[in-house]
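Handing you this structure, nothing more for now.
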Amino acid sequence: MKKIINKPENYVKEMLEGIYIAHPDQLTYVADDVHCLVTANKIPGKVGIMTGGGSGHLPLFLGYVGTGMLDGCAVGDVFQSPSPEQILAITKEIDSGAGVLYIYGNYNGDIFNFDMAAEMADFEEGIRTETVIAGDDVASAAPSKPDEKNKRRGVAGIFFVYKCAGAAAEAMMNLDEVKRIAEKTCANVRTMGVALTPCTVPRVGKPSFQIQEDEMEIGMGIHGETGIRRGKLEPADNIVDEMLEKIVSDIPYVAGDEVAVLVNGLGATTLDEQYIMTRRINSYLADKGIKVYRYYVGEYVTSLDMAGASISLLKLDEELKELLDKPAKTPFFRQ
Amino acid sequence: MKKIINKPENYVKEMLEGIYIAHPDQLTYVADDVHCLVTANKIPGKVGIMTGGGSGHLPLFLGYVGTGMLDGCAVGDVFQSPSPEQILAITKEIDSGAGVLYIYGNYNGDIFNFDMAAEMADFEEGIRTETVIAGDDVASAAPSKPDEKNKRRGVAGIFFVYKCAGAAAEAMMNLDEVKRIAEKTCANVRTMGVALTPCTVPRVGKPSFQIQEDEMEIGMGIHGETGIRRGKLEPADNIVDEMLEKIVSDIPYVAGDEVAVLVNGLGATTLDEQYIMTRRINSYLADKGIKVYRYYVGEYVTSLDMAGASISLLKLDEELKELLDKPAKTPFFRQ
Amino acid sequence: MDYNSLIGFLFELKEIMQVNRDYLIDLDSVVGDGDLGLTMSDGFLAAYNAVKDSNETDCGKLLYFAGKAMGTAVPSTMGTLMASGLMRAGRELKGKTNLLPQDFVTLFQAYMDGVSDRGKAKVGEKTFLDGLDPAVSTLQNNISSGIDIKDAASNAAEAARKGFENTVGMLAVHGRAATRGEASRSLLDPGAAVAMLIMEAFAKSI
Amino acid sequence: MDYNSLIGFLFELKEIMQVNRDYLIDLDSVVGDGDLGLTMSDGFLAAYNAVKDSNETDCGKLLYFAGKAMGTAVPSTMGTLMASGLMRAGRELKGKTNLLPQDFVTLFQAYMDGVSDRGKAKVGEKTFLDGLDPAVSTLQNNISSGIDIKDAASNAAEAARKGFENTVGMLAVHGRAATRGEASRSLLDPGAAVAMLIMEAFAKSI
C-alpha cells in the first residue's frame, strides 16, 4: 500500500478536515461531527436532498454538495455506511419544512441505516423523508421484474440522479416532484465498469483482490465486487464495445434516442484513457443511431486507487435534458 | 503496463479525438492537425496566449484552453515537445493583431521548438511573440543568481501562470502587460513534488524507473527526473513538512504574507490523500504566520499513472489576488 | 431477574464477541469482507458501555439505548441489524424493571422482528435469522413447557449452534455472500455465528 | 559538386542513422531516455524524403527544406537542434547550385552555429558540439591547406570520432544528462555520437 497518509484510522477524519479547510465558503458540518457534511448555502423553503455512504469514492458523495445539487452528505468510514444518528443530524439541518429526499446507492448497509434514520426523523422530529435508491450497475444483477426489488448495485450513474433531482429541487419543485425526477433518472440510467487493478483500503493495508498483470475484470463493482467476466486485457475499443453492448441492450433504444454519457475513471486510470474510451463510445453510439446530447468525462466516482473505468448512459427526454443543463456549483462539479 | 488503450502509437491522437468529441463547444483545432488545439471562442483584439508540451500530463496543457485562460495549445507526443510548425500554426490562428504570448515549462526540447516557431512567426508572418518560461520546481536546481538563466523544471505551478496571465489578457491588457503578469507569477510561485511509484509511457511499455514498495522520492520531476532524496515512505504530515520547508525558504516570507496553494495529484494518488495533505499544509503555514487566500486541490498536472503529489505556493499581492479571483471556464477548470 | 442481570447479559455479549473476534473475522473473510469480528466486538462493547454505569432501571430503555449506541458505533450491515434488534426489544420491554422468563422470550422474539423488519430477509436465506430463529422457538417451547430458564437458555444456545451449522447448504440471497450465487452454498454464514454467540452469552449470563 | 551530391549526402545521413539506430538507443538509454536512435533515424529519413524527388537545384533551399521537415518529424532536443543546423546551413548556402570544397566548410560551420544559437551550449559542455567542433576545425584547416576534399572529409570524420570519445570526462550541463551531475563524467555523450555519424556519412558521400 503506497499512500500519502498518517494513521490509517484517521484517514477519513483528516481527509474531511482538509475538505473543510479547502472549501470554507461551500461546505460545513453539523452535530460537531465532521462526518455530517452540509452545504454552507442553505436555501429556505427548498426540498432538502441528502446522500451518504462509505468514503473512498471521492468526489462521491460529498463532492456533490452545493448549489443545484445536494444539501448534505453523511460520510462513513472507507466503504462503510454512516450511522443513523449522523444521517438524522443532517436531515434535521437541511429540512426547511419542505421535507428531505434521500438518494443513495443500493447497498444493504446504507439502506438499513437510512431506513433507521428515516424512522427516527419521522418519530423523533416529524420530518417527512422520501427515499430513492440508485441501482444502475447492469453487471451486478439481471433487470428486476415488475414489483421486484432492484438488486443492482449503485455506481457512477448516481451522479445523474443528483444532477437532475438537484436541479428540480433548486427550481423549488415539491418533495413528490423531486422524488419523481430522481426515480425517473434512476429508471433511465445504466452503468458498467471494468477494473484493471484492485484498490487498497487504508485500514486493511493490502489489495482487495488479486488479478494477473495481463488481466481485466469486466463488470466489477466499486468496492471490488465480482464482475461478470475476467479475461485478458483487451484493446480499449473492444472493452468499450463489450460494456456498451450490455448497457444499450438493457433498456429499449431506438434510432434517434438521445443520451448523456458519463465516462468515469476509478482512480489510477488516466484522463487520456478516458478520452480514448470516449472516442470509441461516440462511434459505437453513432452506429446505433443514438445521439449524444452531452459528455461528462473524468473522475466522478472512484474506488480509491483502483485502475479502471465505467461508462454510464442516461436516456434523455426533454424534461431530463432541461434539468441536466441547469447550472450547478459544488466543490467538485461546476457547470 | 495496465492501460485501457488501443495501439500505443495512436495513444495521443485517439485521446485528442476524444477531447474534441467531448468538448465541441469549447475546443477545436487548426492546420488539419489534432495536435494544434485552439479555443472555439476566440476574442477579437485580445492578446493570444498559448502553451504546449508533451502529452501525459492531463489536464495540462490543453485542459486550460478556454475563457479566461489560454487560447491555444500545441500537443506533443507523450513527454515530447510539439514541432515548430504546429506551434506556428496555432500562433497564426490565435493572433488577432495584439501579439501572442508563449507560456510553457522549462524543458530544452520545448524551448528549442518554441524559439524556432517564434523566429518563423516573426520572419514568415510578422507576428510579434513574447515568451515566459515557468521553472517552479525548487527540487530541480538551486535558485538562479541575478542574470543567470533559471535552471529549474517547470511543473504544476504553471497553472497559476496560466490563470493570472489569462485573466490579464481577458481584461484586454496589452502584450507587455500580460507578459509582465506572467513573469511576476513565475517569480512568485514555487513547487515541490513527491513520487511513490513510476509511470509507464505507453510506447515504452515498462515503468520509467524502479522504486521499492516502502520508498518514496522527494523532489522527483513530472517525467520521473531524479529528485533530491529517496527514502522510506513517511507519514503524510512529515512529507508535507519536508516539502514546505524547502518551498517556503526559497523566497523570503514574512508573517502576514498571503499565498494561494495548489495541492496536485500526479495520477494514482487519491483526492483523499490530497486533502490529508491540505490539512497539514494549513497548520504548517498557520504556524509560520502565512495566510492562505485560496486552495486548489485536485489533479492539475499529472504524470500519467504515477502515484505522488506536489504542493505549489504562489505568493500574492493585490494585483495577483484580483487576477486569480477572475472567472475562468475551460474543459478542466471552472471558477 | 432485574435490570442488573440484563446489564450482566450485555456484559457477556461484549465479552463473547471480544473473545471470538478473530473467529468472526475468519468466517467473514471467506464469505464477505472480513470486518464482522471488528464490528461485533466494537459494537457490543459500545452497547455495553452505553448502559453499564446507567441509573436507568427500565429494562426496555436500557436495551433501546444499548441498541442506539451500537448503531452509532458500527453502522455496518450486521451492526445496524443488531442495533435494530436491541432497539425493538427495548420498545417491547419498555416499562419493565424486572424480567420474568416469558419476558426473555419476548426479548428475543422482538430482537428477531427488529432484524427481519430492517433486513427484509426470511428464515432459510442464510443469514443471522437462521441462527436466531431456532433459538427463539426452542426458548419459547421450553418456557411454555415450564422448563427452567437456565436449561431453556442452554437448549436455545444449542439450537442456535445447530441453526448456524445448517446454514451450510443454504443459498445466500443477501449481502456480499449473495454475489457468489450457487457457490455460497458450501459456506457457513458469519451472521448466524453471531446469533449463536448471542445465545451462548445469554445462557452464560442467566 | 552539384545539388545531386548534396542529396547523396542526405541519403548517406539517413542510411547511417538507420544502421546505427540501436547503437544510439543504447547510448541514450544509459544517459537519457533512450529515444535518440528513433528520433535520428526518423528525422534524417524525413529530411531526405523531403528533398529526394525535388526539382529544386538551389543547395541552400534543399538544406533548409530538409531541416524544416526534420523539425516537424522529430521535435525532440536533438531533432530540433539538427533541424536548426540544417536550416542555418541552408540559409548560408542559399543561391548556390554548385558547392566548392570551401562551401562545405561553410555548411558545417553554419550547422554548428545553428545548433549552438538554438541550444546555447558551449564547446566542452558534453554535447553534440563536442563532436562537431573538432570536425569543422579539421575540415577548415585541411581545405585551407589545399588537402583534397575526400581526404579532408575522412580526417574530419576521424576528428569527430575523437571529439566524441573525449566527451568522457566532461561534465554534462545540458539536457537529461545534466541531472546526473558529477556522475555524468564517466559517460559518452550520445549527441556527440550523432556528430561523428554525420561526418562519417559526409566522408562516404563525397
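Letters A, B, C and D mark the chains as written, and numbering starts fresh at 1 in each.
Just so we're on the same page, a contact is a pair of C-beta atoms (placed from the backbone, for glycine too) under 8 Å apart; a residue touches a chain by one contact, two chains touch by 3 or more.
Here the structure is a predicted model, which is why all the values come from computation and not from measurement.
Asks: Between subunit C and subunit D, how many steps is the shortest route if every step has to go to a touching chain?
Replies: 3
Asks: With chain centres set to the mean of the C-alpha atoms, which chain is at the far end from subunit B?
Replies: Comparing chain centres, C lies farthest from subunit B.
Asks: In angstrom, rounded to a whole number, how far apart do the mean CA points of subunit A and subunit B lie?
Replies: Each chain's C-alpha centroid was found; their separation is 30 Å.
Asks: Just curious, how far off is subunit C from subunit A if you go by their C-alpha centres, in Å?
Replies: About 33 Å, centre to centre.
Asks: Could you work out how far the Cα centre of subunit B sits from that of subunit C, in whole Å?
Replies: Going by mean C-alpha positions, subunit B sits 57 Å from subunit C.
Asks: Select the category (line, ring, star, complete, other) that matches the graph of chains linked by touching.
Replies: Per interface graph, the chains form a line.
Asks: Chain pairs that touch, all of them, please.
Replies: A-B, A-C, B-D
Asks: Help me check something: in the complex, which residues belonging to subunit A touch subunit B?
Replies: 2-7, 11-12, 14-19, 21-23, 55-56, 58-59, 194, 196-197, 213, 216, 233, 235-237, 239, 263, 267-279, 282, 295, 297-299, 302, 304-305, 307-309, 332, 334-335
Asks: List the residues on subunit A that touch subunit C in their complex, please.
Replies: Interface residues on the subunit A side: 76, 79-86, 108-109, 112-113, 115-116, 140, 204, 223, 225-226.
Asks: State the interface residues of subunit D toward subunit B in the complex, per the touch definition above.
Replies: Within the complex, subunit D contacts subunit B at residues 33, 35, 68, 71-73, 75-77, 80-81, 83-84, 118-119, 174-176, 179-180.
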